């Protein structure tokens, strides 16, 4: 188990810049998610750490070793592929023991450790099956057991849950977190699913267009997204932009206060999470709006509203009491300046 | 269907299996003091096993073979394998071309004892004499004419029968440009080696389209086709017609029509690159030896020998002898050397005619 | 192959400490490609280059011939328009043969996958290849026995229906096509079968359980998976058939005139190598044009697939 | 469905074997011209036993075919791996370059080889034939193995590497077993291509060295006797026995199932 460091990594495919000056530290024992839409470069970054892709520039370190030019097989990584990539011509046990054999662990010792890994993923009874005979979730567990059985320095997960259905996926998230915590492996997890990233991670890095736009603890990123992209990719957000004024910005002639200090110059955009707003509630910042649509979901209700100049808003409310505002009613949207996040443009 | 199983059959089957089973073992070959290599069509006289054994026994010279399946290929092999061949069977129509490329050496016929019996029309034929030197020893001759199914068809007297509507779909022509042009030329009373009016030739050939069933290119194909009654009327080689009648008992008649047969003769030449000319000449001499010829002609079936005295050793009613009547020399034209341009013109004409047939 | 591997030793992988540098990727690629392409260069490309040069000469440069540079050989199609008919015959034969092989080959591969499994399947598979191991010439000659009037087919038919008229297919275009399909069908069956091996039977059962009809299963599951095999098989059929000459000669009789036979004649009887070579390269060009036309299909996984 | 499939398969086999049956039947027919009515005879087998040239050339054919299959399969599989799995400039051109060996009529390639080998001093004979045969078989191998490779997912090799395999070990441990049916089929193709090849062999044969197809091709002129049917029938019989033995004795029955 080691920390992983990526420094100043650049990767181009022809004229296309896939990764642009990436630097990121994956802390020892931590679960880090690389989150981003497809084409953001997150998979390329993972494959650079794995060694399948050689960066054009920059350095990759696993622990103290510079592994930038080290072939995959010499890096001591464990990896779970999106499609699991289980060897169809081997049994489950053979699959799991593969990495042990490559490390010179054979015979009874290999069997013992493979059994242990199989127990860890709770598939002890399926060791003699072939991968084809397993369900998707079971295959996923085998792939995980295979990747961790030889105690790799780092565990790389390439969207391993994306092929599972929703229910199984939630189960596996829990399982994955448990196993990661038990094994204490430095884990890098690639996903485009924000909920998954929030649930599982100690640390999240959001990628867009080959750059890391923001990284930090899940709550920290959620509460303080730095860009419009980060705010909209991780969770929902209402955006307001207007000319700056001392202490905030101006929308439709009304001041919107921002708690954090900033420079008063030109225009600025702020973001407000839908659950931080309330309808006709308390709050220093206020905007008039008309309710356009109501989405009732039992525990919560989502209001879609039209603000000044047709600006769309979205508000989540907990259904503490059943006083729904009817569609078409004019209301005040209110929220606190502390929840008004200034975005870097 | 008659099924007769005898001990001989079983023995044959067994020995063949054993032979195949031993395929892994290298076969022993006895090497004589000197070995010459002959370039020829396969199964064309020079490679008769019994003859070679007799020859080797008599002279101590062993003979091996390489084969060609077309004349250009023979020329190519001579060009690209200098020194590999000591005797080459060369159609006299090609001799001048080979001589022009210095691929043949002139032969001193006086050193070939059996040459005295050669038919003068062949021995001294201008096809093989250049600047007074002979670039080959006339070996065998034959002619292409009409074969027809018997009984059923009256002896044809003209190539016109190829266009006779009575034989729709019953004709087989030789797939050979020179031969086909020759037929067209003879039908229009032209010199078959240099017809001036190729359009007329082409028209004559195209008029055979309705009758034409197939174009044959090998004796095997001819025999199997005739046996299967695929055609009743055909161009055929004189020597092959003898084999078909005698060996395979095919019911055919063979005749030279009034326009004339299309004659050819093959020579034995010695490649200029041969280092074993002495041995080669010994082999040439053996090949025109009447004793060898009679055995070849009666045992196997052969074209007519260029050695008139050899022909005379055959019984008077021998099919081969009657088919190759020396009287033919009077009316028959031999295929002569063709300049490249004319050869190409013939080839183009035949190619176009074939495309017309195929439509 | 070796080059790529020399890069990292096993011991290093096990210790994970003293780390070796990886070979650049191109070294491995080159090592994989070089033997094949060197071999092809020696045996095919360089010799053919010689032929390509010949095709621009008036005559083959041998003996006393004084060849001159010319484009004439390539103009034969203009000067001898009947060659266009001949080329069309070749193209037609190739297209029909390839089409029939694709239909029969895919069907046979599916049947093979469905009708048998395990050892039985292996035996059937080998039985399909076996005829291939007899010489092609003998196979073609044997077909004359089967197809001719009073031949094998007629005998079989007359066994059931005495006095039936003869089928007498020999010496016709269908006879050529039968011979060609017979010669190339095993390629198609095999390549399709290899592709179909990837299909899980569960996949088809699953689709069926979801109510998919047979044609839907075929269109959505089998065909896309079989496509690489179909394409490879089509290449292995179409390309040689367009230059075939033995089948037309022996089975075609009067109608057996193709580019293959014309080229053979140029070499064996007309002795005009430059023209024979020019025809061959024209035909190769024709093949490439056909490939270009179908490249949208081929791009999904055939020989002409583009990079990227 | 299975009945339909079986019936269809039977039909295809009948079609494939129709001329083969005739070929074998004619080996036992007394007539040298394949004449009917059929008259049983083993004379051609007897004749074959005394025909050293035919047996010799059959052995040569088998030796060349086996060597061709081995060499072409190894080279072609390697090339196929690069063409399927690597990205590089000129890949499309390299693929196109596989076409000339099969597209150019044999007679042209044969003549071209004969001339080129003459000019370069490679000459004719066994080695020249082998060079020619392998070159002709390579495109078949590349195409067939390439087809199989499309079904072996790349991530399996990557997975093996991530588990500590060198690329070579990953190939042998993972790709090769999964690719085995395709490679076997490719080898069978290469073998068949070589065994069938008569034009190029014909040009490259030397006086003392020829192959069975060359014998057949040259024999056609005069008339090929059913001796050739006889040896073909024997070869076919031996192949069948070999296959049966192979299938029964080995676990190969499973190779086509694994995937």
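Labels for the chains are A, B, C and D, by order of writing; each one numbers its residues from 1.
Keep this in mind: a residue touches a chain if its C-beta (ideal position, glycine included) is under 8 Å from a C-beta of that chain, and two chains touch if they have at least 3 such contacts.
Computed from a prediction, not measured in an experiment: that's the story for all the values here.
Colleague: Counting only C-beta pairs in contact, which pair of chains has the most of them?
Modeller: C-D
Colleague: Measuring centre to centre with C-alpha atoms, which chain is farthest from chain C?
Modeller: Most remote chain from chain C, centroid-wise, comes out as A.
Colleague: Which chain is the middle one, judged by CA centres?
Modeller: Centroid comparison flags C as closest.
Colleague: Taking each chain's centre as the mean position of its Cα atoms, how many Å separate chain A from chain B?
Modeller: Taking the mean C-alpha position of each chain, the two centres sit 86 Å apart.
Colleague: Would you mind pulling out the distance in Å between where the CA atoms of chain B average out and where those of chain D do?
Modeller: Chain centres of chain B and chain D, defined by C-alpha means, are spaced 35 Å apart.
Colleague: Using Cα averages as centroids, what's the distance between chain A and chain C in whole Å?
Modeller: Centre separation, chain A to chain C: 50 Å.
Colleague: Which residues does chain A have that touch at least 2 chains other than itself?
Modeller: Those would be 51, 71, 73, 76, 102-103.
Colleague: At least two other chains touched by the same residue of chain B: list those residues.
Modeller: Residues 69, 73, 221, 224, 228 of chain B touch two or more partner chains.
Colleague: Enumerate the residues of chain D that touch no fewer than two other chains.
Modeller: 34, 111, 115, 164, 166-167, 169, 217, 220, 224, 235, 259
Colleague: Of all residues in chain D, which touch chain A in the complex?
Modeller: Within the complex, chain D touches chain A at residues 153, 155-156, 158-167, 169-170, 173-174, 177-178, 258-259.
Colleague: Mind listing the chain B positions that touch chain C in their complex?
Modeller: Checking each residue of chain B against chain C gives 69-73, 75, 79, 100-103, 175-178, 209, 212-215, 217, 221, 224, 228-230, 340, 343-344, 346-348, 350-352, 354-359.
Colleague: Going by the contact rule at the top, pick out the chain C residues touching chain B in the complex.
Modeller: 59, 62-64, 80, 82-83, 85-86, 89, 141, 144, 148-151, 170-171, 249-250, 252-257, 261-262, 265-272
Colleague: Inside the complex, what are the residues of chain D that reach chain B?
Modeller: Answer in residue numbers: 31-35, 37-49, 52, 55-56, 58-59, 62, 111, 114-115, 118, 124, 202-203, 205-208, 217-224, 230-231, 234-235, 238.
Colleague: For chain B, which residues are in contact with chain D within the complex?
Modeller: On the chain B side, the touching residues are 1-5, 8-13, 15-20, 23-24, 27, 37, 41-44, 64-67, 69, 73, 76, 80-81, 84, 218-221, 223-224, 227-228, 248, 250.
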